Every structure is written in structure tokens, then in C-alpha cells.
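Chain naming follows the written order as A, B, C and D, and within any one chain the residues start at number 1.
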Amino acid sequence: MDNPSQIERRFLSPNRKKDFKNNALGVVSGEASDRTLNVWVRLQIQVIDSVIQTVHFNVYGCPHTVAVVDWAAEWLEGQSAKALVALDMLKRRNELGVPVDRLGKLLLIEDAAAVCKMQLDQLNMQGKS
Amino acid sequence: MKVKEIYLDYAATTPVDPEVIEVMTQCLGPSGDSANPSSSHAAGRRAKARIDIARGQIAERICAPAENIWFTSGATESDNLALFGVMQANKQRGRHMITSTLEHKAVLDAAKILESQGVDVTFVRHNADGVINPHDLAASIRDDTVLVSIMHVNNETGVLQDIEALGECCRERGVLFHVDAAQSTGKVPLSVSDYPVDLVSLTAHKTYGPMGVGAIYIRQGVKISPIIHGGEQEGGYRPGTLATHQIAGFGKAFALADPDREAPLLKSRRDQLWEGLRKIECASLNGHATQRSPHVLNVTFHGIEGESLRAALSDIAVSAGSACNSNIADPSHVLRAMGLSDALAASSLRFSVGRYTSESDIDYVLGRVEQEVSRLKELANGAPDWTTS
Amino acid sequence: MKVKEIYLDYAATTPVDPEVIEVMTQCLGPSGDSANPSSSHAAGRRAKARIDIARGQIAERICAPAENIWFTSGATESDNLALFGVMQANKQRGRHMITSTLEHKAVLDAAKILESQGVDVTFVRHNADGVINPHDLAASIRDDTVLVSIMHVNNETGVLQDIEALGECCRERGVLFHVDAAQSTGKVPLSVSDYPVDLVSLTAHKTYGPMGVGAIYIRQGVKISPIIHGGEQEGGYRPGTLATHQIAGFGKAFALADPDREAPLLKSRRDQLWEGLRKIECASLNGHATQRSPHVLNVTFHGIEGESLRAALSDIAVSAGSACNSNIADPSHVLRAMGLSDALAASSLRFSVGRYTSESDIDYVLGRVEQEVSRLKELANGAPDWTTS
Amino acid sequence: MDNPSQIERRFLSPNRKKDFKNNALGVVSGEASDRTLNVWVRLQIQVIDSVIQTVHFNVYGCPHTVAVVDWAAEWLEGQSAKALVALDMLKRRNELGVPVDRLGKLLLIEDAAAVCKMQLDQLNMQGKS
């Protein structure tokens, strides 16, 4: 698989989902940003029955970041919520042929997903309490 | 895959004009005027005649005597020669020079090295539009100031300095004035017989001449040391075999580069472009609105990440700042000096139009920029303030 | 009036090979690869690809890794960069360098300036044939010696130095070794992977490439400071916009310049010429009889005044010494260093043959030289001894 | 008149007379040379009845020197012997368009002619005594 061209394809036409309606059921949101890296990422995730149904994202960042967010969103959908902390950017960077100096930017995607997971856990706690 | 590729990077370099190519070709090959112009035989004299013609053509473009034009490998070398050569040869006059943070790297880096050698360098201030006020320059001049180096047209923003007024400040105080005119030839007139300018850096490749050849104008009587040694060519100012085809092409290019004829065309393309771009909500112009060369527009797209913007517009050859910065992650030092944040400097594009830019090229570019900006804007919806201001 | 004009001045410069012209032309003009190779857009990357190919072609000619080749404006600049750059960057290692009085002005004048800056310069001796003995070099090396600069093929006499042996002397003592190979490319092989050479100056225009572009090989790990500053091109060793057409042509020229194929042809023309000239009673060869490049012959015509000899042979493009000396009354510094009087040095001609020299060219030249030498000889009948010895 | 081309013509085909026979009547010879100027000139002159009949010359020098010697020889022929000291190189240099830095070389022609005049005067003295 020609990974650099997957990057290009995903950057040029990311497969973005429509925004969630306000107060849509089971939707959590996580952001991460780093001004020095010039990146901001937001993931919005709808989890129903512990399964990630839909991932919506917004991103301000370099083409690699945009492409990898797109990949991450696709990868997450259909998985259990635990996948949110299993996004291994170190590994993906290699697979997708992203230059190593971009790793810092990509790690923000992990951060945003981790925030989603925390939100989800809180939501679940509230549901249980 | 890409059906079109529009070149709007004339400030980085221009294609060589076909008439120039013809002159160059006449100097190459076994039946061309390909001898060494320093040789005294007939073939050498024919090559020398080509050099003489070119020297005259280049001199005429800036209203200089031909004998004060010396050939170099480009404006980078001319800038280095002006700074190092003048500061070296005029040590007894003082060890202070003035320049600005808006200058090309060739001047800035040379100034840095001079600083390391004990020269005191003052960076004269400029306003947020990138314009240097002559009063500020006058106030920076000291009794031990030897040289002032200010560019004519900025290569990143297109902002035009008032060389005449700045030169007057220098002349009044007996200070030498160097002008990097790499970007202005053929777009904005420059006359060393009218303006108090002592040294001018010129290059061929921004004006439809070949890359790799430039010149320096040195006013009669200015003391300067060479930076490259060996051989008696160019009055000892610049040794090395003169590159006949390059110089002949350079001359022809400068003969063709008449701002009176070209500037109106460039201006109409640039205005067409700006009329379209200004409708994009997040777009703002960098540099003075009117005191500018007709060929460059530098625009910040607030909230659009720079690298993605350029990648999305890969069918349009534009640059982020200067060409020599374009491979580097560092955002433009010029835009930062004009007060932009790193993020905004990186979100800026330099569009530069030229002789072969058509109205429909601009239409195409406008369509594509609008399309990609709105797509990336939507993608970045919700991003923090630092991405936009 | 003149029916013929024979070019025997290939050591001054060569015409550009038609195949090289074709490559150059592909990089010019609105439809050519004319973008700035430092630009990151597609047009820039196409230009960059041209540069990469050329860098590889040039590297291959001297068996160097491509990443150790850096482009300059010619061998003059490369020589200056080697001398100033190495002595500047290695100040803590010492302030002594070694060269010879046979070198090109670019090296000699740079060495003179270094002397004025406190560098101690030793001129290693050579014999009357213009050959440097490695033992003499070894004896000149001191503990504080930083650099040795010796040319590969002398541009005036064609004498070839034993670069391998000279380099061994340097390597043994940990001294950097710079070789000006401007004259040898395509005539005599040079391999930096086999020879202990640390820096090599190259130029395109002596090898059927364009004037105004050269390169320097810098062995990995050699410390060197740039002499021109500004911009990040060429790893910071040499800023300034890379001249795509020049570099592409340079690469092609070096790809074509195979000494294995060309040297035998050059040698046969040169031998034909010398077989004829040696029959002229007053003619004597300068420089070693066999340790020489196949393209140059330097001959003294005893008792024939130099200027008159050249004027009488105005239908033959030859030179008196090097091209950069040819406008000057000064006789060749190389011939004087080899022990010739001023008068004899002035009575010497450098004949240099090349790719386009035919057997009949040589026949014609021989006829003309014999004719004019005998006429001028008769005219000078009775002249004092100093005109002949 | 195009003087530089007269120089070229005279340099390329000087109008040289045959050598005098040994002991030819009324022949005097004068040389001048300057090693630093890289010039040597010899004039041989046959004077009969105080009129210069024939001038023969040899020269080692630059093209200008050769051409001006040729001119001087032609100019002298048919004149009275006094003309030998009337060769005004300062004036001729101008007329013939010879660069000023060659003047030193040309003056050697005056010197050689002056030697001829001295020789001639001696010859005449001997004739009278």
C-alpha cells in the first residue's frame, strides 16, 4: 500500500461525518491543542452500547495531522470505547509513512481521544450513580 | 492527475524570456560566441563584445554608467560584496552599519557575520505596514556609520521603500547607501543618476533572465574590497571567468524589462487577484496597501493552517514567504518582523504575478483558493483564537 | 578577410556541447523546468530533481558521494571557499598552509589575502619541469599546517601533479588536502574514493559545460565556513538561488566527459601538434615531457617577441599563459616560476586542443606557425642574446 | 586614413629591403635595445651624396614597433641625412594611432637612427681628414 498517497487522499478528501445534533445521545467531545506545534484537534464521538458508532472531527493542522485524524476516526468506528486509549500513534506513524518530526503533532490525536474516554467514563459513572 | 498548474511565484524566479534564450544560445556551442571574454584573440574579443553590450543594457536600466556595473553570480553575492566589501574597505571611517529586519537573508546573514567581527549593526524600525520612515533612518545614523543597506522592493510583501528619501538621509551624513534591487527591476524604476544610491544589487533571474548571474553597481569613487580573489576580471572586484551566455542573456532581459510597459499589466493582474481574495472573509493583506510593487501580494488566511493550505493548493505554484524559506518550517522572518504571530505568518501566501500570467489564470486561482479556504475553514471550525489572530 | 579561425584555446574555455545545450534549454522558458529549485511546489520539485540528477553526475565523475558536492559559481569561487573556508573554520588547529607558485591566481591571491590576515603560507618548491616532489611537500608540512592546496593539471603548461602521492603526505600528517581540478576533468581521471583528497574545485566551462557554474567537493567531516552568507541553499555552504539550467548542463557535461574515451583523441591531436612544432628550431616545450594532461602544450619560441607572434597568428585562437593573464602585459607567473625570463615567458604560447579539434586544424596551425615564426625570426636577425635565452 | 590598419598592414608585411652586401659603399648601422621594454632595433642605411638611398632594418619588438620601424625606413629614404635626427616619435605615435604606453619602445627607433647619424658623421670626418 502506498502510504504517502493514502495521506494525500485522506488530506484532500477526509471522510467527515455530519455534526451531531445538540444533545445527541451518548456524545462526548475531546480537544487537544499545542500552539507551538500549530495543531488543534477535536473529536466528537457517539457511543451506543459501549460501541463507537460515529466519530466527527475538526482539525487545524498540517496535512499529515488532518489525514491521520481521518484515519483515526475511521478506525475507531465500530470498536469498543476502550479503543480510544489504544490509538498508537508511534505505530501508525510508521505504517502511514509520516515523517518522524510530525509525531508530536499526531500525539495530540491520542490526547483528544483520551479526553473523550475520560468524558465517557464520567458519563457512565453518572449513569450508574 | 492535476489538469492545471498555475505559476504565481514570479518573485521566486521567472522563466527565461524566449528572446533571452535566443541570445544565450548564440553564445553556446562550437559555432557560438563561446570563447573566454578575457582572451585577446578574435573569438575572445567577440565574446567580450557581448559582455560590453550587456553591461550597457544593464547600466541603462538603472541609468548608471556602464563602467560602474560589475558582474557577480547573483544578488546574494552582490549583497555580500556590498556589505563585507564596504565595511572592510572603510574600516577607518567607522564600524557601524544600518539595515532593517525586513531585508533578504543575504543581507541579514552578512550583517550577522559582520556583527561577529565587531561591526555594530543597527536595525532601523519600520511600521506595521513594513515601511521605513526616513526620519527613523536619519535618527539611526551616527558619526561612525559607514553603510546603510535597505532593499527597494521587499521579496515577501512587495512593499516599496522610498529609496530617494532614505538615500537623502544617507547623502546628508556622508554615509554610503546600498539598495538590494533584486525584486524591483522591470517593475519599479530605479535611477542611480537621480537617486542618491551608491551600491545596487541586481539579479537576472527575477526579470526573465537566467539564474546564476547578477551584478553590482558601485558608484565611482566608492571604496570596496573584493570578497573573492584571483584574476583581474571585473576590475578586480570580481574575478572568475565571465559567463558570456549568462551575461548576454542578463543584458537582453534587462533591455526588455521596461517598468513603464510592464507595471500596468502586472498591476491589473494583481488587482484582479486582490479584488477576488479580499472577498474571502478570513483573508488580510500584508504590507502597505499602495506603497508596493505591482507584482507581489502577500495574504494571511486567518485560521487556516499554512502547510495544509499550500498542500491543498498544490496545483498553484505560490510560496510561503521567500523561496529560500519555503523548505523550512520557520515562518517568514519578514512577516514576523511586521508583527504577525508564528501561526499567522505560516498561514500566509505570497502570490506573485508576471509576464505570462493571464486573466484566466487569476480566475482559476481565485476559484481554487476560495474552495480550499472554505473547506479548511470548515474543517477547523471551533479552533482556538490563536489560529486566527 | 581571415578565411579561417582555428580555436586552440580549450584550456581557457570550451564551447558547450550540443547535448548540454539541449539539457540547459529544457530548464529555461515558460514551458521549461524553470522554477526555483528551493520552492516546495510541484514546479520547484521538478527543478530540484534536475539539480539532484546533476549532483549525482558530477559526483560520479570524481567517485564522490553526491551529498558531498556543493554548487558554486565556478572554480575561482570554489578555490576561495576552500582556502578561506578551511583556514577560518580550523583556526584552532593552526595558521599555516602550503601551496605552490604554480597555482591559479584564484589560489595564489586567496593565499596572499590569508597572509595579510596572519596565516603563514609556504610555497613548496617544484622542479624546472613544473613538478612537485612529494618529499618536498612532506618536508614543508609542520605541526600547525592545516591545509595544502595543489592543482591537479596546470592550466598553463598542462603538467600533471601526482595527486595521490601528494595526498598521502597530507593524510599521514592529518593535514587537509585541496585539489583544484578545473583543468583535469574529462582529461585525467580523479577519484576521491581512491585518492586521499579532501576538497576538490570543479568548473563546468573547461569541460563543454556552461561558464559561470562550478562545484566544490568537501569530504564528509571536513570543517569549513562559508564565504557567502544568506539563505539555506547548499547546506549553508553556498547560499543563493541554484541556477537550474546551469547546474543541469554542468551535470550533463560531466556525464559526457569520460577521460577513457577522450584522452586518447586529445593526445593524438596534441602529439601531432608537437611533432610539427618540435621541428621549428627555436621552439622548446615547457613543463614535464610526459607527466602531463593530453590537452595542453606550452611552447616557447626563442627570439620571437610574444606580442608580435600572437598578432601574426591572429587567425589562431591560442593564449599566452592563462586567459585571465592574456590582456595583461605581465608574462605568465607560472612560466617565470619555472625559471623562464620575462622575455621568454612572453614568447610562449599555450596551445590547447579539444573535442572539436581536427587533424586538418592542426595541419593548418602548423603551417601558419612555421610561416610566421620564420618571418619574425628573419626580421629579428641579429638581436641580442636576451631575446633567445 | 585608418592608422590602426596601417599599423596592421605594416606589421604583417613590412616593406623590407635586401641586406646590404658586405662593405657596401656609404653604409652605416645603428642599434638600440632595451631589455626591460623587450625591444631591439637595428637600422642599416646607405647614404650617397648626403641622401639616404636605402634603409634596411631588423627588429625584435611588438607589432607597433615593427610597423613604425617600417614606416620610418620608408620615410627616411630619399631624405637628407639630417632627417635621421628628425624622426619625431612623439608626433608619429599620434599620427599612427599607437597607444601612448608604446612610446618608450618607439623612442628606440630614434635612438638607432641617431647612432646611424653619428656613424655617418664619423665616416664623413674620416673622409675629410
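For this structure, a couple of remarks:
Here, a contact is a pair of C-beta atoms (placed from the backbone, for glycine too) under 8 Å apart; a residue touches a chain by one contact, two chains touch by 3 or more.
All values reported here derive from a predicted model rather than from experimental measurement.
Hopping across touching chains, the smallest step count from subunit A to subunit D is 3.
Contacts with subunit B and subunit C are shared by no chain at all. Centroid analysis (C-alpha atoms only) places A farthest from subunit C.
Computed from the mean C-alpha positions, the centre of subunit C lies at a distance of 44 Å from the centre of subunit D.
Subunit A and subunit C have CA centres that are 62 Å apart. For subunit D, no residue reaches two or more other chains under the stated contact definition. In subunit B, no residue reaches two or more other chains under the touch definition.
All chain pairs that touch, listed by label, are A-B, B-C, C-D. Interface of subunit D with subunit C (complex): residues 11-12, 14, 16, 33, 35, 38-40, 42, 58-63, 66. Interface residues of subunit B, counted against subunit A in their complex, comprise 303-308, 311-312, 342-343, 346, 379-384, 386-387. The touching residues of subunit C, counted against subunit B in their complex, run 2, 5, 7, 9, 12-18, 21, 24-25, 28-32, 34-36, 38-44, 72-77, 79-80, 104-110, 112-113, 203, 205, 210-213, 227-233, 239-246, 310, 314-319, 323-328, 356.
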